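Chain IDs A, B, C and D follow the sequence of writing; residue 1 opens each chain.
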Amino acid sequence: MQRLTPKGRISQTQIRVRYAETDAMGIVHHSRYIPWFELGRSDWMREAGLPYSVFEKTGYYLTVTEVQARYYHPAVYDELVTIYTWIEEVKSRGITIGYEVRNEAGQRLVQGITKHVCITHAGKPVRLPPELLAMFRAGIQQDEDLPKTSN
Amino acid sequence: MQRLTPKGRISQTQIRVRYAETDAMGIVHHSRYIPWFELGRSDWMREAGLPYSVFEKTGYYLTVTEVQARYYHPAVYDELVTIYTWIEEVKSRGITIGYEVRNEAGQRLVQGITKHVCITHAGKPVRLPPELLAMFRAGIQQDEDLPKTSN
Amino acid sequence: MQRLTPKGRISQTQIRVRYAETDAMGIVHHSRYIPWFELGRSDWMREAGLPYSVFEKTGYYLTVTEVQARYYHPAVYDELVTIYTWIEEVKSRGITIGYEVRNEAGQRLVQGITKHVCITHAGKPVRLPPELLAMFRAGIQQDEDLPKTSN
Amino acid sequence: MQRLTPKGRISQTQIRVRYAETDAMGIVHHSRYIPWFELGRSDWMREAGLPYSVFEKTGYYLTVTEVQARYYHPAVYDELVTIYTWIEEVKSRGITIGYEVRNEAGQRLVQGITKHVCITHAGKPVRLPPELLAMFRAGIQQDEDLPKTSN
């Protein structure tokens, strides 16, 4: 997975690492970052004015078709970490969302992407509803600066 | 929580401990036994002839109203553990299920109970459907011997 | 499990429910509240001036010997929930911590307790170190009012 | 992520889907396949004669530097699924492991890879110990046929 450069509107989600998220290596288990990405895109959509919980009730899911994560530095129990979330790519049939997780010292811990398509609650793939497409396109165009990492 | 004595028909579910189930103490995180209990009651019902997945499709849930667990000895990564599951108590409005988890050496790791009531998919509490009640009552009466623990 | 009445100093931890914490019933899986309790006691200790992450480095663990939870009302995806945490009982060899989780409407979702003893990193049970004992005792004596629930 | 073709020695791990692994979409949450991959590589190593739990005690970790997963079809509660695991690539400084998850009907549900490097318990990156390197190289050369998927 290539190094990503965050772009467009970037949302920030701050969480404290739970003991239950660590493993016997004494660090956060690699699978635990995936729900953090999900938290990040929940916040991104809420800030864009369309919470996923509201969107879902319109009869659709934005289902995950692919996930990738690259691990740079481990997170540990009780740290405050920040999930930066942005729209990486928008197509009429699907989107790619980008993520970077940093610790309080500003170190890059993890980068990742998730790919999504829109399906009905019955599981039928459909094009992204226009309001969703417009929201993601606006998000990718909007410019924002992400602070430099310390590593 | 009092020491439980398994009774009636006792199902056995064997699983291998996942690395993702450990925490920074190097042992299985205490919350991880709760899904193991659920695995245990899934197998108990399957062996009784009514898999929960089939029961659920009849329009009901057997929802959890209470959970208790008492930790005796930790499980560690890659161990084979066995979940023993039995019916602890049956009432027309709800049941209590009992669990004991042991390691390969036969040591008691955890005991627990879960309490359940029956609700419709719309969330309305109802009495246990007759076939479910009969199944649980039969299970509590049937006699079975659990091997002694090594501790 | 009896209804608990929160007492002493009560910490508050607010979190947003993750999609990954829900299950096929459309609500938060019952096992997922147990890590929330852990988050709650992490915050209680931090507010008392001794973060668990710092305590752990002194060579001890406050290991969980028992957990109980009583479920009143389900939490759902994207809700803001608050975990109220207090010290339920303090003895020289162990403590009991109490928890209540509420939604934004102030409804009681779950109550629970965890019981803990102190062990060395090698697993040897010991009495609670004096500074820990003093901290928990001070917490139980301090008076605080918890707002009424809406149910 | 490109479609993978399993090769070399392929281990098979069969598990039953847990209710706790589902989410509010009624299917297995996408993050839950990552611990299944881990189960798969645990079994692969055990079958190769060097269980990871034994390897870890020699002072090393095979830490995850990258994970990728491509979702084809959802798994649901109570299904028996099989995780096929193989070695995708071996280098002196790291390896790539491949995975495919199928349901009982033989449908491909998910494919994925994880990348690993070897570190000491103090976190220092090192080359793969010779016995590990030899084991992975032998695994990639050994030929095995994976049954065709039904999709």
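The rule is short, and it goes like this: a residue touches a chain if its C-beta (ideal position, glycine included) is under 8 Å from a C-beta of that chain, and two chains touch if they have at least 3 such contacts.
This one's a predicted model, so the numbers in the text were calculated from it and none came from an experiment.
Asker: Check A-D against C-D and say which one is joined by more contacting C-beta pairs.
Answerer: Higher contact count goes to A-D.
Asker: I need the pair from C-D, B-D or B-C whose contacts repeat those of A-B. Over half of the residue-number contact pairs should coincide.
Answerer: C-D
Asker: If you average the CA atoms of subunit A and of subunit D, how far apart do the two points sit, in angstrom?
Answerer: 24
Asker: Can you compute the centre-to-centre distance for subunit A and subunit C, using the mean CA position of each chain? Integer Å is fine.
Answerer: A distance of 29 Å separates the two centres.
Asker: When the C-alpha atoms of subunit C and subunit D are each averaged to a single point, how far apart are the two points in Å?
Answerer: 36
Asker: Which subunit C residues reach two or more other chains?
Answerer: Correct list: 19-20, 31, 34-35, 38, 77.
Asker: Hey, which residues of subunit C end up touching subunit B in the complex?
Answerer: Its residues touching subunit B are 1, 25, 30-32, 34-35, 38, 61, 63-71.
Asker: Can you list the subunit B residues touching subunit D in their complex?
Answerer: Subunit B residues touching subunit D: 16, 18-21, 34-35, 38-39, 42, 51-53, 77-78.
Asker: Using the touch definition from the top, list the residues of subunit A that touch subunit B in their complex.
Answerer: For subunit A paired with subunit B, touching residues are 19-20, 22-24, 26-27, 29, 31, 76-77.
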